[in-house]
Structure formats: structure tokens, C-alpha cells
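Working notes, beginning with the structure itself.
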Amino acid sequence: MNVGVIGAGTIGAGLVRRLVTTTFVSEVTWVNRTLEKKVEPEIIDLQQGLAFSPSCRRVIGRPADSRGAEALRRADIVVLTAGRGVRPGGTRGDLLVENARVVEGYVRLLADYPGVLVVVTNPVDMMARTAARARGVPRQRTIGLGTIVETARLRASLASRVSPVRAAREVWAYAVGTHDDLFVPVPIDHLGPGGTEQGISLQIMIESARTEVIEAARRVKASGGDGTLFPIIEGIVSVIDAVVHDTRTILTVSVHDPATDDDLFYSVPCRIGRDGAGERIVPDMPSVHDGLDRCRERLRSDIETLRAQAVP
Amino acid sequence: MNVGVIGAGTIGAGLVRRLVTTTFVSEVTWVNRTLEKKVEPEIIDLQQGLAFSPSCRRVIGRPADSRGAEALRRADIVVLTAGRGVRPGGTRGDLLVENARVVEGYVRLLADYPGVLVVVTNPVDMMARTAARARGVPRQRTIGLGTIVETARLRASLASRVSPVRAAREVWAYAVGTHDDLFVPVPIDHLGPGGTEQGISLQIMIESARTEVIEAARRVKASGGDGTLFPIIEGIVSVIDAVVHDTRTILTVSVHDPATDDDLFYSVPCRIGRDGAGERIVPDMPSVHDGLDRCRERLRSDIETLRAQAVP
Amino acid sequence: MNVGVIGAGTIGAGLVRRLVTTTFVSEVTWVNRTLEKKVEPEIIDLQQGLAFSPSCRRVIGRPADSRGAEALRRADIVVLTAGRGVRPGGTRGDLLVENARVVEGYVRLLADYPGVLVVVTNPVDMMARTAARARGVPRQRTIGLGTIVETARLRASLASRVSPVRAAREVWAYAVGTHDDLFVPVPIDHLGPGGTEQGISLQIMIESARTEVIEAARRVKASGGDGTLFPIIEGIVSVIDAVVHDTRTILTVSVHDPATDDDLFYSVPCRIGRDGAGERIVPDMPSVHDGLDRCRERLRSDIETLRAQAVP
Amino acid sequence: MNVGVIGAGTIGAGLVRRLVTTTFVSEVTWVNRTLEKKVEPEIIDLQQGLAFSPSCRRVIGRPADSRGAEALRRADIVVLTAGRGVRPGGTRGDLLVENARVVEGYVRLLADYPGVLVVVTNPVDMMARTAARARGVPRQRTIGLGTIVETARLRASLASRVSPVRAAREVWAYAVGTHDDLFVPVPIDHLGPGGTEQGISLQIMIESARTEVIEAARRVKASGGDGTLFPIIEGIVSVIDAVVHDTRTILTVSVHDPATDDDLFYSVPCRIGRDGAGERIVPDMPSVHDGLDRCRERLRSDIETLRAQAVP
């Protein structure tokens, strides 16, 4: 499989490096504004180790012009990571207008690319919407990474709270909504119908895990590291795997809500396959309905901000 | 499987990150002199994504004291990456005395650890020897990463030279000897008995690939990147896989030459399994014999250097 | 990893064939009373395709005598599949006395083998108990396959009943108790706190899935096939993976209940790792307590039957 | 990925069972003349274990009529295993006319299916040719399994003859030509330029391995087993993996020789990817040229036989 990656920041570069170790990626097409600084040195390093790669035969770098566009046309899926990251002390919202223009530029480059586009650029729900509206293909072919990271963090947090502790992959829960503090945790009561374990009620545990998830990114930053990386990259790999193998796995990614007339994108559990987003599975719970209402409100206010700046 | 990793430089940290994506590592025990700067932020990031890990349930960080020693005792294999890296303009040889002391310190920490120790610290052949002599277990339980990287680069280089080009994993060749410019390329004539392809003799192709391999690390550095990383990490993963699953795969790693009375370590194709280094398979070719003679000479001169500094 | 397999019936032979396709088994040691009829032809076929195997380098066959015993001593884990299968129209209980003697014979052959023994022979809970008592190692080193198959069937059944249907691996539930009609389904309410979906209450859905699971083996037989095979073999592979990689995955296998003074073995969710059975995680639900009481009663009656036949 | 399998003999059924354990097959579409006897019981067994499958969400069975045709249209690749097997004492050639009609029937069913068709039906080189000519797509979209099995056997045989013995996957050689006794072994001299090991010349070793490969199928049969199965199934999985992931791996499969005006199909190392057969890499050795001449002669005589029976 040929995977296209746009952008060479920490996430773009980390993703390319990770793709080469999978068992299904045979080629990586890496596009960035400039190649000299990051893309070329990385590719040289990767090429020298391809004898160890299970399936990859080459990694190519292309500039963000017609050469990049032509190379991406052969990709089975494209991941957009370009755009500015959150500045110290800033929020994802600060990036809204600036990154919307970056996203639009790359969508023009992709032109009539018919495959699935995974948007990672923040603020991700709005950027997925911007990309989807600018593309000439059905909305479902554009997917934002959404709350897949919050879902992973929620599971990790719950895993450390149950007794006995278990591996995060043995705890099932979803975070839905927008990729910010408005996300809504949805427990899957694996603790038994009592909903309690050792006297702690599930609801309290979930609330407390929710707070921990909100703190998580801050903890990573505060710890002096490069910011959240691992859950994002593995989340992207999960989406790629679901799309190229058409597994129709249920993932909490940012997808088009067809019930909205303003093309809102936000995360609900959704079946992901070759055509992109399939059935949306919205949990029928009051807390979810209320939480999603707040998310949609936030998104509509962002749309106003974009409009005020003449970004469609 | 519990894999112990000592050191938190680019290679140590990259290795920990990679191990979490394998299908067989259930726990990583990460030991470093300090935990605050690199180990703890990395672990926080990794933990938040463990829901995506196929087999890993936790990554723990421990300081390089009795707590680290105790944690490493439970590891199925330990990889030593600590030590200073090559300085700009310097060579691996410059690190000889300084890193020998680092290695000795960690071997004391490991005490009577009975498992396989993989040494990555440079100059790797000498460091594997130092570690092996300081440990109280059979020499074969210590393996240096050796020329596994040169082998990968040689295969990549040859793959790009044959016609039609092929994937590096479809070209078979070995680099033997020491992990420096004295390594010897051993062709496995996959071009057919004629030994030529499109008029280029195999010997010329190999010589030219040899030069390219020597230039490879320089190209990576010159390109402005972080230095060679991918082939090293994937090489380590190959060794770990061979040891913990007892596959007895043939790898060109730095192993003890029992025919030398001064405990030389250098790379030859060697069967790697649970007990560490098994049968050494030395190609019976004049170019290999001559090349290995030069490697052994170099190593003996390094031994003199160490002795002059009272390092055993 | 060296996996020992005892028995060459449909399950033993199917297991050996499957192990060769994994990424972690490097050697299979296959022991059977006779080698000519099944073991040798199978090994010839497998050997001719080992070039395709990711990690296996050989499959060896040994008779059930001192040669087999010696070979099994090198195995990292042993799976016991020998014994008579259920006769048409018969039940697993009919095999109790006969297979207990088979199991005892093989445990004598294994002598002081210290590793984990996975018992697949039916009736599996009783056979795990018989094996564990005859071995000279802690009870936790013996694991019966238990209701791992009922758990798989329960998940498959529920997956087809929810709306929209999902993949069985995206539905979480456990079957606990004995490997017969007394097993107890434990829902993990993935349908949301309401416990209903499309008007069907979870309890009704679970009851109906329970019936379907009981019918499942019958359906397989009635369909004219070879009987249940795939869920059993994949269940065994899951247990082997958890043990050799020490993943401590939670599986519903038949393990020793230390609270009983007559060494009962039956399935509860249990953490499986290198030492065999770890923490048992018994769901604190009335339906589970009642169901397990009935299972223990059945097992005690089987113990009486064995005693009456002078089987310990 | 959706893999279509036609036929429910030992190979068809074994293939379906194996596909469910891969990490990339999400759906299997199984077509056979009758479903009751084999397909349905197998599917019931497989479905009950799908909770263990890494990526498969369903296996569906369809009859060999318009329903089968419609289901196969959604497959990413189709494998044709239908047709009569070699009778005891018979040869693959005996099946020529009979199986050509079976193949033609299924090609009509596939109609304008645009994807890659892998032909396993024997005599495989002629059946690949028959299928390719009957299909309305470029010849390269049809691939016969060819000598992939002889290649595996040759590597296994050589692996047991070198000293020290090694794993079959660590020995590189190809068998080219037709899938019968006329195949030609092509050594890749992994023994070093001397071409000898322990006094045995490579040429003698290869000749002797060649004989062993010819005997191999006979040994399997004579041993009382079901005939060759494992190398065939793993060979098919390799081809599927190469096609659906577009790895362009070099495999010795039966492909169209564009230099012949009668559409001959036989095996040479060939790059396999999404479009089917890519570059053919014919070893430029006298023994190969002579051997392939004999193979082409045999195929032309088979074409005469078919013509005499009015099969195109």
C-alpha cells in the first residue's frame, strides 16, 4: 500500500518512520513544502534500513507542487499533518484561520484525488470540515483524527483505576465529541451490571478519568517532552489500517454529521472502511446528547470566526 | 516479554518507542542515570497510547541504582545503549576509554544477570568485549550490534544497483568484521553463477557498494539529521526477536571469537538464539580471511589503548 | 519458542499446522503414541513449506516414550490434546474415566516438567484438575482451555444481534463456569447504560445468545463437518501467546479455585502469563455466583465418579 | 481486504481457514458448486471463532451462479482452486481437458471482473493460460501458482544439505519453468564464490536437491497424508499479500511470456503487485535457457491436446 503523508513536523516525520515498520505499507509518498531540512535526511536514514522492513520497498520525498500532487495521486490514502502546532500558552483554536488556509492549499494540490484523506491538522474537527468542503468528493471520504487520542487516554486512565489494574487494551470506553475539553466519555460498563467496583461508582470513576484525560496533554507538555506523539501516531495507523484493509472497524474519529446543514464534523463511534466513514453509532444517552450539543455549538462559533475572515 | 533498555539518548528512547509497537513485548524496563529529563516525559506519552499497543501493558522507568538493578533482573533480555556518542568531527575510537568505563559501571549494576546482554554503545566491538569480560556469565551471552547496520546498508546499496532494482530485503549479502571502515562485504551471488549482471561484474559492484556503505553514515550526518537511527533500532529489534523467540536466525553481530586468547569480539554471520551467540559461520574466502586479519589487528591495538589507561 | 503438542487428532494436527504460521514459534515438538499414520506425513508436508514460515525452523515428531519426554523437556509450553473425542450421540462426561487415564499417562511422561501445561482433552475442567494434581508443580501451572470457546461463540452471537451488526472482536462478554451447558454468560454492557438496544433488553439478548452458544457445537456437528475446530485452535494460540510473552491477558480459561479444598478447576476471567494462571477476576453478580455453584456441584459429582473407578 | 475463493476441496477449504488468521483479510467470499457439504459447515465453525481473528469480520458462502458472480465482483482478488485433483496413479496432465472446461466455466462466471485472478487448478501453467485467454483483461492480471511450491521445496532441501543446517527461509534459490518434473533449479550461491561447502560442489548439491523436490510430492502421497497442502496454501497467501499490498515482491509464479505468440504461461521470478505480474526476471544462464525450452515444448504439446478437443 502506498501511503501519502503531507507535512514533516514531529507528527509527519514520526508517522513516516512508523509506517515503514508495518506489515502492509509498501511505499510512502512524503510531501512537504521543503525537502532539504527534514525530509531528505530522514529518507536517507530510512532507506539504509529497508532490509529490515517487512513490506516497504521505498520512501520518496516530493515538494508541495505539481510533483507532489502527481505522486500523491498514486497513494491509497493520504494523511494531512501540515499546519502550525499549538504555541506555548496557546490553544488549538488560535490556529483556526491560519491552518484553514494551509489545509485549503493542500486540498487544491490534491485536486480531484478520490481516496480517503485523514486530517490531523488542528483544530482537527474544523480542519476536517474545511478539507471536506473544499474537496470534490463525498464528505465521508474525509476523516479527522478527532477524539481517537482522547479515547486511548480514557482507556489508559480507566485501566489504571480498576482493581486489579489491567492493560489499557482490555478496557472498553469511548470519548466522543470535539477534540478539546468538551469531549464526552462514554463508559462501556465492563465492571459488571452493578456499575461499581470496590465501592467506586462507575460514574465517579468516569468523571475522574475525564479530568485526567483533559490534564493528559498538559502533563506531557509540562514534563518537558515533545508533546503528545505516540497516541496520535498509533491512532493514525489504526485509521489507515481500517481504510486500506476495509475492516470497517469502529473508531471514534471526526466525521461528517449529515443531520447538520452546516457540515459539522465531530467524533462519534463510526465504522471506518475503504470508502471512509460508514455508519455513525451515536450512543443514545442523555449525557451524550447534551455533550454533543455543546460541541456543535462550539463548532458553529468557530465557523463564524472563519467566515469573518472570509475563509469558506 | 520484558525488555530492559539502558540509556535514554536518541537510540535508547527510539528503541523504547519502537518496542511498544511490536507484537511480543509486554513490558519495557527503562533504566537511565536521570529520569526527569527524557524518561518520564516519554513514558507519560507512551502510557497514554497503550490501548493501541498489541502486547505491551506497561513501560517503567528506573534510576541507574539498586532500583534499576532489581527491575532489570526481571528482564528477558537487556540492551545497553548508554555512553557518549561520536562528537562532530570525531570517531568511534575517541570514545574507547570513556565508554569502557560507562559499560563497566552498568555491568556492575547488572551484577549476576544471567540473560543475554546486547551492547550498542560504541566502539561496539570493544564495548561488547569489555562487557563480556566483566560479566560472570559465558561469553556467548553478550552480543554487540556489530555490522548488522553495515549489512543492512550493503543490501540497500546492492538493491539499488541491480537491474531491475529490487527491495533491499530481496538482496542477500553480509558485512563482516569490525563496525568501522574495515568491515568486509561478502556477496551472496544472487545474480546467477555468471556473477555479472548487465556487464557489471559482481566484484566491482560489491566494491562500489562497500564505498557507499562507508559514506552512508557520513551522508546521514551531512544531511543535517540526527545521525543513523532507523537501521540501528530495527537491527536491535531483530536481535531481540531472535533471542527471546530462540529463532537461531543468522545475523552479523559482534560475537566472541573463541580462537583468540584475548577475547576478541567482531562480526561474522552467527546463529542467534536464547543462549545468545551460537554457531559462527565464517565464510571461507581469501578476502574475508585477509579482512578479518586487519580487523583483529585493529582490535588488538584498541586493547593496548585500554590497558594503557588501566581499563581491563 | 518451542511449543510441545501431545496428540495427533484433528485438534492436535490442526494446532501444529497453525503454529507454523505464527510469528513467534521457532520449533514444534509433536508427540504422539504412533508417528506413522498422521505425524510423519504432516511433518513432511510442513517441512516442504518452511521457507514461508515467519519464524519456525523445524517441526519434530517423537513417540510417547522416553524420546518424547526428553524432547518435551525443552519446550517452553506444552499443550495436551490427546484422548478420545466425544462419540456421536455421546457427551463429554462419557469420556471422564477413560481420558483421565490418558491424561495421567502423559503427566507421568512429562515427569517434572516445570512449564505451563495447557489441557484441551475433554471433559476439560476435570482433565485440567487431574493433570494438575498428578504434576509436581504449583496448580497454577496447569490451565484447561475451559470456556474460551464459549466466550468466542458468545461474542460472535451477540455481534450478530446488535444493530448495526459489528465484528465479533468489537463485542465484549465472557462465558464463565464449566465447559458444558452450565456455563454462565457475563455481559459487558457495550450497549450503553440503558442496557437496551432497539427495544431488546440486554438480559433477553444474553439469554438468547446463551442458547445459541449451547446449540453451536450441535450445529457444527449437524452440519456434517469435523466438529468445532477453529475457535478451539485459535483459543489455544491465544493462551500460548499470553504465556510465552507473559502478556498477562485476561482470558476465560479453566483454572484452579484455591478456595475449594477439592482442587476444582473451572473458568473465570483470569490473567494469563508466564507462570500460568494469575489473578482470577470473578464477576460479583448474583447470576454468576448461582451459576458457578451449579458448576462446582457438577464437578464434585464427576470427582465421585472418578473415585469410584479408583482414579485419584 | 475481500478475498474471493472458488472451490471447496482440500486446498480451497484450507485456504479459507488460513485467510481468517491473517492480519489483512477482512472478508472472505467463498464460492462453490454446492454449499451444503463443505462450505456451510466450515463457515459455521469459522464464524464461531471470529472473535479471535485479527481483521476478518465475515466469511460468506455463495453458489456458483449469478449470486456467486455478484459477490465475487466485490473481491479485491480471486483465487481459483476448483477442478479435479490428480487421481491416484495419474498425472496433472490427465486433468488437462476436464479442468480446462471447469476453468472456462468459472471465467465466464467472473465475466468482466477486472482484478487479479490466481489460478491454482492443475495443470496450473495451462490453466492459467486458459483463464487468461478467456478473460477480457490484460494477460498480466492472471497468475498461476506455478513453481512457487517447487521453490519452497528446493529451499527446504538445500537448507538441510548445507553445513551447518539452516532455516529454509535463510536459503535463497528459485525453481523456474513448468509445475512438473521439467522445472529448473536456479541456485543463488549463498555458499560464497567458491561455490562449494565442505567439498560438495554447488552444482551437485543442486542436482540432488532437484531430485528431492521431484520426489517430494510423491513422499507426501506415499506417507499416507492428504497430499501437498501447506506449501501450496502459504504460497497462495504470499501471492495475495503481494497483490493486495502492491509489494512488488519477486515470486516464481506462472506468468504470461509476451515473447511467445501462443500465450505461454510458465514460472520465472516475477515482480508481483496490484496489477498482477510485473517485470519478469529471467536468469541469463544456459541451463535455464535450455530448461525453459523444454518447458515451452511441453506446453505447446498440451495446447495441441486441448485444440484436438476443441478447447480454445
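Per-chain residue numbering starts at 1, and chain names A, B, C and D are given in the order in which the chains are listed.
Just so it is clear, contacts are C-beta pairs under 8 Å (C-beta built on N, C-alpha and C of every residue); 3 or more make two chains touch, one makes a residue touch a chain.
Just so it is clear, the structure is predicted and the values come from calculations on it, not from any experiment.
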**OP:** Since subunit A and subunit C are copies that touch, just let me know if over half of their interface numbering is common to both, same, or not, different.
**Re:** same
**OP:** By the contact definition above, name the pair with the higher C-beta contact count: A-D or B-D.
**Re:** B-D
Subject >> Chain centre separation in whole Å, for subunit B relative to subunit A (CA means) >> reply: 35
Subject >> Intercentroid distance (Cα basis), subunit D paired with subunit B, Å >> reply: 39
Subject >> Residue numbers of subunit C (touch at least two other chains) >> reply: 57, 167, 247-248
Original post:
What does subunit C use to touch subunit D in their complex?
Top reply: 17-18, 20-21, 36-38, 40-42, 44-53, 57-58, 149, 151-153, 155-156, 159, 167-169, 171, 216, 219-220, 223-226, 228-232, 234-235, 237-238
**OP:** Using the touch rule from the top, collect the residues of subunit C that touch subunit A in their complex.
**Re:** 164, 166-167, 170, 172, 186-190, 192-195, 247-250, 271, 279, 281, 283-285
**OP:** Enumerate the contact residues on subunit B facing subunit C in the complex.
**Re:** 1-2, 23-27, 55, 57, 245-248
